[in-house]
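Shared between the two complexes below is chain A, which pairs with chain B and chain C, respectively.
Coming up: the complex of A and B.
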């Protein structure tokens, strides 16, 4: 089957990940995933505000996903819409299981994702970038969290849908995993899939996550291999 | 200190689940009693009152007319909202919908939308100009766990019984009514993971103790039309396969209950 951009069914778009790109943030990451351009920043662990959210036995995570008004074809009204609120919530669910939150009781880790150019798959690219930014911030984790979508286009289960494929496709399923635990921590799906196809798509997305995982590791190596303590 | 008690409860619920048991005596794949009543609000175009165990939800449908979205010029519009009002639980607060309410509304919406249960093409009056707007509002009165399934059933039932006013030549609503073009019955099925077990239709305590949650919506052809993993924690591929299997079977039972309620 020929894909719009000539990729194989199991081929990712070109991905570039760079760790530590922002000066003020405690940890940061820039990712280019196909035509997506996304920044992730991590602040903390820091004091919890508002105070009533504080937990005695662990750190809490606050996740904000935001799209710049100029990041999409038609100008997006600034500020969080319902989609952004939901993505913030599922991102937290995807990332928190990997973080050793009990090391930092009564504190808060603030995560933000800013999409400056969007082209399908921003939540997966965002989670991938945040995970690298968390490592860049020195937050202790069980593992990195790579994410990648699979979907169905023209009756075929394929990896990492591009915008044109997503628009015309029959289903889209973003997935994130914790590779060392072999656990799926993000799973959403919209479209129509038979029972067998669900299984096939999850398995393919998990393979994609493994490839993304290597790129995350490479990005961190590139920044930190041979680095000296400041 | 306040977090010790829930931890003890959680340990207890997990130890039960590991033996295949639940606190209220249900099997792991058994729903609580589901009661569906259609057309309970006269002022709405369609409505439903659903009780799932102690959870109680109203769904009301109102139909209006307005401009289509620019990218879907010949599609009617469905807008789903959920309100977790202070009456329903001591920790629900007034004000704009929080994360939980937004997620409930969006997961319910996605199941119905992706199944094409509501034929939006049939809701177009004039392309690019005027389409019917279908508002589905979910009003949670009593929260005893598993809002998504209760809301999903309520929304689907309310849509399936809706009668919308026909428009006259000036696009004003008339007394004449037509049923909404509902072609399918899509229903969500939600599981929580406790220890190593998946429990369908979580009670309030099971939901409070959960590590993670997954919802699988199916249509009457047994396609999966929406999925959502929620909260902290993860699933293995085998657990997801199991959830999809059970959701297909349970979906059929729930659809039968909806058909019974609307006939």
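Coming up: the complex of A and C.
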């Protein structure tokens, strides 16, 4: 089957990850995933605001996902909407299991994801970028969290849907994993898949995640290449 | 079985060792396997494995000498901002100020952390040689770069002190207090160390910068 951009069914779009791009944030990352362009920034651990959210035994995670008005074809009304709040929430859920939150009780980690250009799969690219930014901020983690989507277009299960495929396809399923434990931290789906197809799609997405994982490691390696200490 | 070499650059989730090893800072253990939890340099010392983080906020440890800013007054002491996610408290009897003198909000203190509880309630001790820091300027650097600013057996800080003639006091929390001599030059040197901490040949470059 020929895909719109001539990829194989199990091929990712070209991905470029760069760590430590924002000076004012404690940790940051810029990702170009196909035609997606996303910045992720991490602040903290810091004092909890508002105070009533404070947890005595662990750090809390606050995620903000935002799309720039010019990130999509038709101007998007600025400000948080239902979709942005939801994505913030699922990103928090996807990342929290990987972070060693009990190391910093009574503190807060603030995450901000800014979508500058969107082309399907922003939540996956966002999660990928945030986990690199978290590592860049020096926050202790069990592992990095790569994310990647799989879906069904023209009756075939394919990896990493582009915008055109997402619009025309039958299903889209973003998956985020903790590679070392082989555990899934995010699994959503819209559209329809048969039971068998779901399994197939999850397996394919997890394969894609492993490729993304390598790119995350390379990005961090690249930033700190030649580092020495003491 | 060990998988990482000494002084390797590691990233979170990287398997470092398996079996009979002791995990220290910057690592975590899961089902008998030791993994890195931060980006940093891995050090292997016989059976001990640790990762020195290249980034990160200052997390208070008892025994550290820090520099803090007084942020509030309480009945018998002060709260002190120590450039970390947690406030510290300093009791009136743990600092020596003159009879007609007191600490005010905004003052700088050098102090030692005597106790950190499980929930990060932090007690300071600021009697001699610690205490209030008068005048001078304050420079903030990353706390993870403090060992670089001090250098091997204090070589770097000694160099800066000699070339600028300043009195410099470095807190483990990344706050640096500079007084006297060429304050501006000393501050610039500290910031240079902060910026270029991970690039080899740092001492030579700082020396060159200060001689110019």
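Throughout what follows, the second predicted complex is superposed on the first by the 227 of 230 C-alpha atoms of A that agree within 3 Å, B and C clash if a C-alpha of one lies under 4 Å from a C-alpha of the other, contacts with A are read in each partner's own complex, and residues count from 1 in each chain.
Going forward, contacts are C-beta pairs under 8 Å (C-beta built on N, C-alpha and C of every residue); 3 or more make two chains touch, one makes a residue touch a chain.
Since this is a predicted model, take the numbers as computed values, not measurements.
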| item | value |
| --- | --- |
| Combined model on chain A where chain B meets chain C, clash or fit | fit |
| Partner chain(s) touched by A:198 [first = chain B, second = chain C, both, neither] | first |
| Partner chain(s) touched by A:144 [first = chain B, second = chain C, both, neither] | second |
| First (chain B), second (chain C), both or neither touched by A:56 | both |
| Partner chain in contact with A:74 - chain B first, chain C second, else both or neither | first |
| First (chain B), second (chain C), both or neither touched by A:206 | first |
| First (chain B), second (chain C), both or neither touched by A:118 | neither |
| Chain B versus chain C as contact partner of A:40, first or second or both or neither | neither |
| Partner chain in contact with A:188 - chain B first, chain C second, else both or neither | first |
| Touching partner for A:224 - first (chain B), second (chain C), both, neither | second |
| Smallest distance from any CA atom of chain C to any CA atom of chain B, in Å, after fitting | 11 |
| Interface residues of chain A shared between complexes with chain B and chain C | 56, 178 |
| Chain B to chain A touching residues, read off their complex | 1-3, 70, 97, 99, 102-103, 105-106, 110, 113-115, 212, 214, 219, 222-237, 240-241, 244-245, 248 |
| Contact set on chain A toward chain C in their complex | 26-27, 44-47, 56, 100, 104-108, 135-144, 178-180, 217, 220-221, 224-230 |
| Chain A contact footprint on chain C (complex, rising order) | 7, 9, 11-13, 15, 26, 28, 30, 35, 37-41, 52-57, 59, 85-87, 118-120, 144, 147-148, 152, 198-200 |
| Chain B contact footprint on chain A (complex, rising order) | 55-57, 74, 82-83, 85-86, 88-90, 92-93, 96-97, 173, 177-178, 181-195, 198-199, 202-203, 206 |
